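Look at the two complexes coming up: subunit A is in both, with subunit B in one and subunit C in the other.
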Partner chain A sequence: MSWLRKLAKYLLYQKPEEPSTTFMAGIEDRPVKDVRQPGAKGAKGAGDKSAGWREDAPGAEPGTREGKKRGRTARARKARGGKKTGETPAPDAVESGHPDTGDNGSEATGQRGMQNGDDVAKQPVAGGKNGNNAAGQAVAGEKNEADSAVREKYAGQVAENQAIEEMLRAKTKLAYDLEENRRVLTAIFRVPRNKDAVLRTLTIGTDPPFRALLVFIDGVVNSQVQNLAILQPLMLFSDLKAQAEKQNGQNGSAGRYKDFFDRVKEALVPNNQVAVADNYQKVVNDVLGGNSALFIDGFNQALLLETKGWHFRSISPPQVEAVIRGPQEAFTEQIRINTSLVRKIIQRPALVTEFIKIGDVSPMQCAIMYMADLANPDLVGEVKRRLESVRGDYLQETGLLEQMIEDSPLHLMPQVLTTERPDRVAAGIMEGKVAVLVNGNPFVMVVPCTFFDLMQSPEDAYIRWPLGTFIRIIRYVGLFLALLLPAHYVAITAFHQEFIPTDLLLAMTGAREKVPFPSIVEILIMEASFELIREAGIRIPGTVGTTLGIVGALILGQAAVAANIVSPILIIVVAVTAIGSFAIPNYSFSLSVRVLRFVYIFLASLSGLLGILVGFFIHVGFMVSLRSFGVPFMVPAAPVTGTSANYFVRGPVWQQETRPDYVDPLQRRYQPEVSRGWLRPGGRKGVKGRK
Partner chain B sequence: MKKALSAILLAVLLLSPAGCYDYSEPDEKAWVMALGLDKGRQNVLTVTAVIAVPKNIAGGGGGQPASGGGGQGGFITVSLETETLLSALELLNAVMDRKADLSHNKWFVFSRELAEEGIGKYFAPIARFYQFRRTSSVIVCQGRAEEFLAKGQPKLEDNVGKYYELMHRGWRYTEFIPFDNFHHFYIKSSSPGIEPVAVLAALERKSPVYETDAPKTMGRYQAGRIPREGGGNIEIMGGAVFRAGKMLGTLNGDQVGVQKMFNGTFNRTIVDLPDPEHPDQYIILEVEPRQAPEVRVQISDGYPRITASLKLEGDIISIQSGVNYTRPERLPDLERAVEEALLENVNNTVAKSQELGADFLGFGLHAKKLFRTWPEWEAYKWEEKYPLAEVTVNVDYRIRRSGLLHEMEPLQ
Partner chain C sequence: MMRQQTVIGVSEAVTILFIFISAKTFLSYGRQFFHESYNAAWMVPLVQTFVGLAGVLLLVTLLQKFPGRNLVEIGEELAGPYINGLFALFYLTVFILGAALTLRGVSERVEAGYLPNTPISMVVLFFAVGAVVVGYLGPEAVSRTARFLLGVLLVTTMVLIALTVPLWRFHTLYPLWGSGPLEILKSGLTSSGDFVQILLLGIIYPFLPGGKIKQVGVWGVAIAGFFMFTYIWTSLLVFTYPAVSELALPSFEISRMVNIGRFGQRVEVLFMPVSIFANLIFLSVSLYAAASVLCSLCKLRDYRPFVPAMAVLVQTVAFIPQNVPQLIYWNEAYLSKYSLGALAGILLVLLLITRFKGKGGVIDEKST
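Let's look at the complex of A and B:
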């Protein structure tokens, strides 16, 4: 009976899970042997292992590795060495490192050279690289793949790609020589093939003239800014200024700048954001992000100039979360615009926007926003920890990232609040929550998220509180109907006919006389066709959209009744259910309700209301044990914590004096006890004696 | 995965032992709307079941709803000879294709003949069996229940269940129909100090019997004796007094009204009062309860002495003679007349209850508090002492509103 005890224990009490250890950044140093020991020991074993790995890490130098790993690429070792001894002159690193592929000019010869010369060393590079990228048991699979026919056939190309990758990761320094830099960048951007990357040579028109190189990606830069703020001043006006200074007798202008590079940066480029980079990785990332990189001959640094000219959708009304009263603007796909939309609402210096790079192959921009004087630093730390640990090739969407950082992936409930409304994000931030913005997606995550957040709409707050309360209750009714109405229909018609008023019962019975299916089959047919219509309605091309309406009305309408497939009352049940599910404001939550509805129908058909009750019990048990970034999902109802009267029904605005307790903000108070200053002091109960 | 698995396991384990496994569609059941019990012809009982025919009531599958056809086809009756009530249910399945279900039963009809023999023994299965609902009405019909149910066609409804329900619901707005449904009937039957009154019903008489045309109060009739033409086949009026599961006698409409006044289920009635100044003309008044009746019981010389006060109020509906009784100084005259008229009813009823030896007015509930323990109360044997009790009833009636006419002018 131990399983029974375990089961009961599981239901009644769930031990808070230990947070997993911080992500193993720099996993490339991890001995593959450790990884390959199959770790099907559960979370604890994994934790031990990672701890063990940490201790081992210092010793995991190339020399101590055994087997295959011993021969692991002098190349990689050197690159790592270069990284560690940060002072190594850049040209050295470049010479000893891989970008020699670029030297060979044509790619074909480069590949062949690689194949011929370095073949032995290459394979280990591949293995090592794969080990670096993937953690855990994925390594084994990847290693097998490394031997695939395609990889063998194009081993040269693979090696070249890995060499570039390795160089970027190692943060190889720039070269002094402009031609050398140009060669490397050509290799990195695959320039003869790739028509997007532009490497434009120019001459800075000073006396003496300097050769320079401007690198950018065509299409993502604003060419007007480039022309007016970079090329024109550098090529045409650069000497004018020096002459003017000379005429004014300011001979010391040369002394004011450290060198020519500094002079260009300080005096010659009228660009609003300028940064200096000294390695290829930073240059490449910035160039990919829409900036332009300026290389000057003789300097091992590059100027990164702000020339972003992405094309993006302009701010438009919310598509998903429409409100009647309230701001009518939504986030767009451009993260900078999104942060500005939030900042437009919260104009306080404590609002912090931190950028975090996530992902391996295409590092994306992800920002977290929070109030430095409100948000719980533990919460902020946890969000950052999770985001920084995420690795993957393609995580450009909020939905993908959400799945990487949520607490319990097996639950149907969404555990982050996704919204496209800046006002909602701002309200969350002002409560002490943290917003996660992802570039390229108009949806912003707000964490932590509770059940009650999912059932709220910003509209509740914007209309007067009795009305807000009313519409919120309506929404809960909608939730009940969407989740349980079909199940109740099945349970009552099949098991509890004494529930039904006699008149209705006889009407239902009479209407069912010619229906050949049992109620459960009937309702499954109707629910399935409704889901089909809803899914098709989203996927259908707009031009043929009206067809769906007609066809759908036939299925879910009088035709189905006339054909004696379903009974008429069922149409009402399905329709009310559908309307109820549309009243749920959160799309992911609505989806989970759609799925759970079928579970409840199944339970109801099994044993009526008892089944629904048992299912509900388990459902609530799951919800109560769920956590979102450490915050219980059902808070403040279970566990009960202090909060303003605003989680289930909507209280008056002037009574919402404290921030929610569950985020444990740095400041509890939201507004003073008397937030309506025009009330006579002492005119209200409890305010007496306050001056 | 472990969680999901344990959830599924839990659901299966919890549901499978507790599951009912009686999934059944409503169109697989025969819905019994009323059960009638008669003395059997060739067995102990004749049980009559009224089974609704849904397709004629609802109009099956988009067809025309039944136009009624004079109520024909809304139900069928099946009469079976059996030993007990529930064995009839088993037999019923032999003659009906659908499984008989009693959970929507509205009426239990006992024939008067059976009721006078005693029907207490049939209550046990009704109170115990899960399909019966205690909100069903207990009806005693004159004649055979079999015939009563078969001929009791609804005139306004298609649904015979609704017809039965609404027939008894008249207790809410007339004084002539007793309130006691099965639950109250059963509780009252099994507790000393009060006796139940079942609804008295009958089929209409073949030809109305008219007596003299002398004025008679409407409440003096009872089911089966209402002089009328037309209307439904069934009449419900008056009550059947029971004690220990045995019917003792009948009450007419007025007596049922008094019983309801003392039981607190009286809602309103209309009194036709002969005008004190013009005896051939009537004043029509509405009577409603004002307060719960005050009942005091004393026990002297071993016998109870009961003093009761009925507190009523009401409005003037009509004054045929046009005499202006609505003047403040005249109102007491009217009130006194009403009190006298009601008091006569009350005294009749009390006399009837003492004569039958059944305290259906519930005085015993007030006497109960004079005894410290239940055994003392039971040992007192109220039902034996009550017929010899001295009962004094006082009626207190107030007129609240004089109607829409304030100053009345006689018709010129």
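Let's look at the complex of A and C:
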């Protein structure tokens, strides 16, 4: 009854919105008493050192006055350092260099941040990069306040977990001391309890040798790449190059590289992608993503080396959106493969892939793809804004994310087109739409989505246009049958018998004579049974799948008629309804039709065709009010926008000259006015009409 | 894109205006024309259309001087809150009485034709719920719903007319002038209130694209006039005069006349969606418009709380007429006869005040 309370509240009293305050924006004004760092007193499993550490690095506390001041200082120092060396500091390499070398930033990132855990309790929690982090901190604050028996029992563990979380969120800088880094990472990855995380110590075989640490997650890295591109060069060949240069009379690499860390990065690890990280959060994220992190003693940075070795399913034919004619490739669970599948189709430099991390506890890699020279920047911005604003611990599936970003989550209709076909995504992108890919999911979202998108199949375009039009009309007939046929059966048999021709009426009456139920009960029994069969058919193991067919066909069909529970004509109605629903190409849309069918049946049982028509009127009213990322759901039918040869029926491909105007793309024209250049003698395709 | 303010396109606005004016054809519209103009009754809608066009031009002239404001707000500025309160009361009466009589009329029609065993209150409730929900969703939803269903309305109507062509008897048109040109003109002028629904233009004006109001008004009235003419024409040709003057619901009787062979003898149910959808759109528009008038009058920002209240009022008024003949009489006597004249009077008063006070004058609609 919460809606009733909300309605009453809305009608009777509307509380004015409170102005946002610093207190509401984050918890930086609140002392967080229980936050302890790993290794602090009382925390379990934090190693032999009981001392915690606090974030004291420059620019890491934008939420506080002190942090801002530090940030400014750090930026100024960084700028000075950049000028000194004549280089522009890399975004990731905020503070680099060895303390002994006196390189830039050495003083700022010394070990002064290492203080006792008692001090940590007084330390305000650092703000994040953006407002989302502030919100996350507020959540963390609530967690602290909400005590429960379990929390009290495991207070130490809870405190340690929160400390780790806060430290990662605060982007705590790496330490110079390798042992310190090792100790922190041990706490973060819960080693030795956690057997997946590997912290492998090694010695880089230079003269003098350097101690190093390689951090990775076992099972998600490619061990061959690690052996050949990291361990072997570092342990066996790292000094060969220097010796060779000495023999050739050159001055070694001393003048060429900034320091030893730079030398390792530039000359010793032959990985194809290497990045530098200066904080634990970046290291942890990359390691969890399948990369390896290399720490070298005496440097407060880590090298992130590309060693991804996930096991994934290979590209296979589409399972849900099968076509007879057209590409037989579907997306996989690997986001990089999915982006490459799209890029394989659209080979244009304007195709942009942006990555966004979504989720709090387990951040999910999410990509948006669009054409920079086609997509409306407002649309791209809106998609990014919604994705970046999503908060949640677990959003690892397209369906979960879809519910977080759609305009009207309470509506039955899907407002996002979900597809497993790269060609369909590519077609959408080329129309100026935006694709949202989620790592670990073979379904890709395309936005904005309209009603007519949900009724289209890629195959409509791949066959000749009259046939595509015919198939599409058949599909609309299927939609009508799936949605309204059972309701019409109820309406006509219960209220409008005069509509049935006399002979047919006699036949129907004869068939229904022995059925003791009214038509509404009769049809509800059969529809509910069919829904059961359909649901069971999805969940049933494949080996016993045929049994379900026998049960469905014989027991629920023939036996129900023989037992005079339902009439034979109803079996036909239910079967045709089911076939109609299978003709709907979008699974989410088909599901909504299945639900709405029962609403129409109920309305028909109340007042026949009047109920159906009133229900349909309301249904249309809701649908025309829907929006998908700001675009009306029923466009271009309602509201009427620019006509196209491809929304209700499939027009000739050479007449589809413009992109849908409802996405307001940067380029309207899809193809020139005369796209079949051979029609004009000596004409070159695309000369006329290109704008 | 990503635009959230209410916008009604030209196509939707023309559709909503045309349906709002002509939805009455599915009830007892034109019944008195046959009594007054005999077999020349088909000319009356043409006279009404010209009167309606004149009314639209008058309305547009006023609205164009006050871009972005509806008729109630304009009246408030020109005539002050008290006199404008009287004007707004008239607008409310038009919308509420029109909706109430339509609600009762269409419910009686459904009751008599399709659901003889269902209580009238149940039928009324169904219509009211449909109208309230869509009216509550706003003018955008109402206009887009109307536009989406326009195809169904047009196709079904054309099929209905086409199926009656074999029944047309052209001899009934003669003598051509029926009761005489003067009587026809008089009939058209006295029943010009059938076009009082042009008032809607004054309510939805702020949501229309700039510079298009005249186009919307003229096209909406012209299409409605053509539709009403076609309907009277078909009724006359199918039933002939004087038999047609005895019918309470000519459109329903036309659908009952259709016979398409052995398996299609009682197909009036097929044409049920036309009358149901048209009247549902009429009711939704009326509820929204009435709520909007009240909202503007009370200077509130949100019209929606008024929609259910208006629905209750409309249902209450709908049950006041004792029976269908009284309903038809009220409609003819109060709405059809005087309402457009009263509206024209209000518009003239407001235009005179505009000229007297020198207000308005912003004719460039593109600034909206």
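FYI, the second predicted complex is superposed on the first by the 531 of 691 C-alpha atoms of A that agree within 3 Å, B and C clash if a C-alpha of one lies under 4 Å from a C-alpha of the other, contacts with A are read in each partner's own complex, and residues count from 1 in each chain.
Just so it is clear, contacts are C-beta pairs under 8 Å (C-beta built on N, C-alpha and C of every residue); 3 or more make two chains touch, one makes a residue touch a chain.
Everything numeric here is computed off the predicted structure, so don't read it as measured data.
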| request: Return first, second, both or neither, reflecting whether A:Glu179 touches subunit B, subunit C, both chains, or no partner chain. | output: neither
| query | So, A:Ser605: does it touch subunit B (first), subunit C (second), both, or neither? | reply | first
| In the superposed arrangement, which partner chain does A:Glu266 touch: subunit B (first), subunit C (second), both, or neither? | neither
| said: A:Leu7 in the overlay: touching subunit B, subunit C, both, or neither? Say first, second, both or neither. | reply: first
| task | Report for A:Pro639: first if it touches subunit B alone, second if subunit C alone, otherwise both or neither. | result | second
| said: Applying the document's definition of touch, where does A:Tyr662 land relative to subunit B and subunit C: first, second, both, or neither? | reply: second
| said: One more residue to check, A:Ala507. First (subunit B), second (subunit C), both or neither? | reply: first
| said: In the overlaid three-chain picture, which partner chain does A:Phe495 touch, first (subunit B) or second (subunit C), both, or neither? | reply: both
| task | Could you tell me if A:Val614 is touching subunit B, subunit C, both of them or neither one (first, second, both, neither)? | result | both
| In the superposed view, which residues of subunit A touch subunit B and also subunit C? | 11, 495, 498, 606-608, 610-611, 614, 618, 622
| task | Quick one: which bits of subunit C touch subunit A in the complex? Just the residue numbers, please. | result | 1-4, 7, 9, 11-12, 110, 114-115, 118, 122-123, 126-127, 129-130, 133-134, 137-138, 140-142, 144-145, 147-149, 262-267, 269-270, 272-273, 276-277, 280, 284, 305
| remark: Within their complex, subunit A touches subunit B through residues 7, 10-11, 410, 493-495, 497-498, 500, 502-503, 505-515, 518-520, 561-562, 564, 568, 603, 605-608, 610-611, 614-615, 618, 622
| What does subunit A use to touch subunit C in their complex? | 11, 376, 378-379, 382, 495-496, 498-499, 501, 504, 606-611, 613-614, 617-618, 620-622, 624-625, 629-632, 634, 637-640, 662-664
| remark: Contacts from subunit B onto subunit A in the complex sit at residues 1, 3-4, 6-7, 9-11, 14-15, 18-27, 29, 31, 33, 52, 54-62, 101, 103-104, 106, 131, 133, 159, 161-162, 165
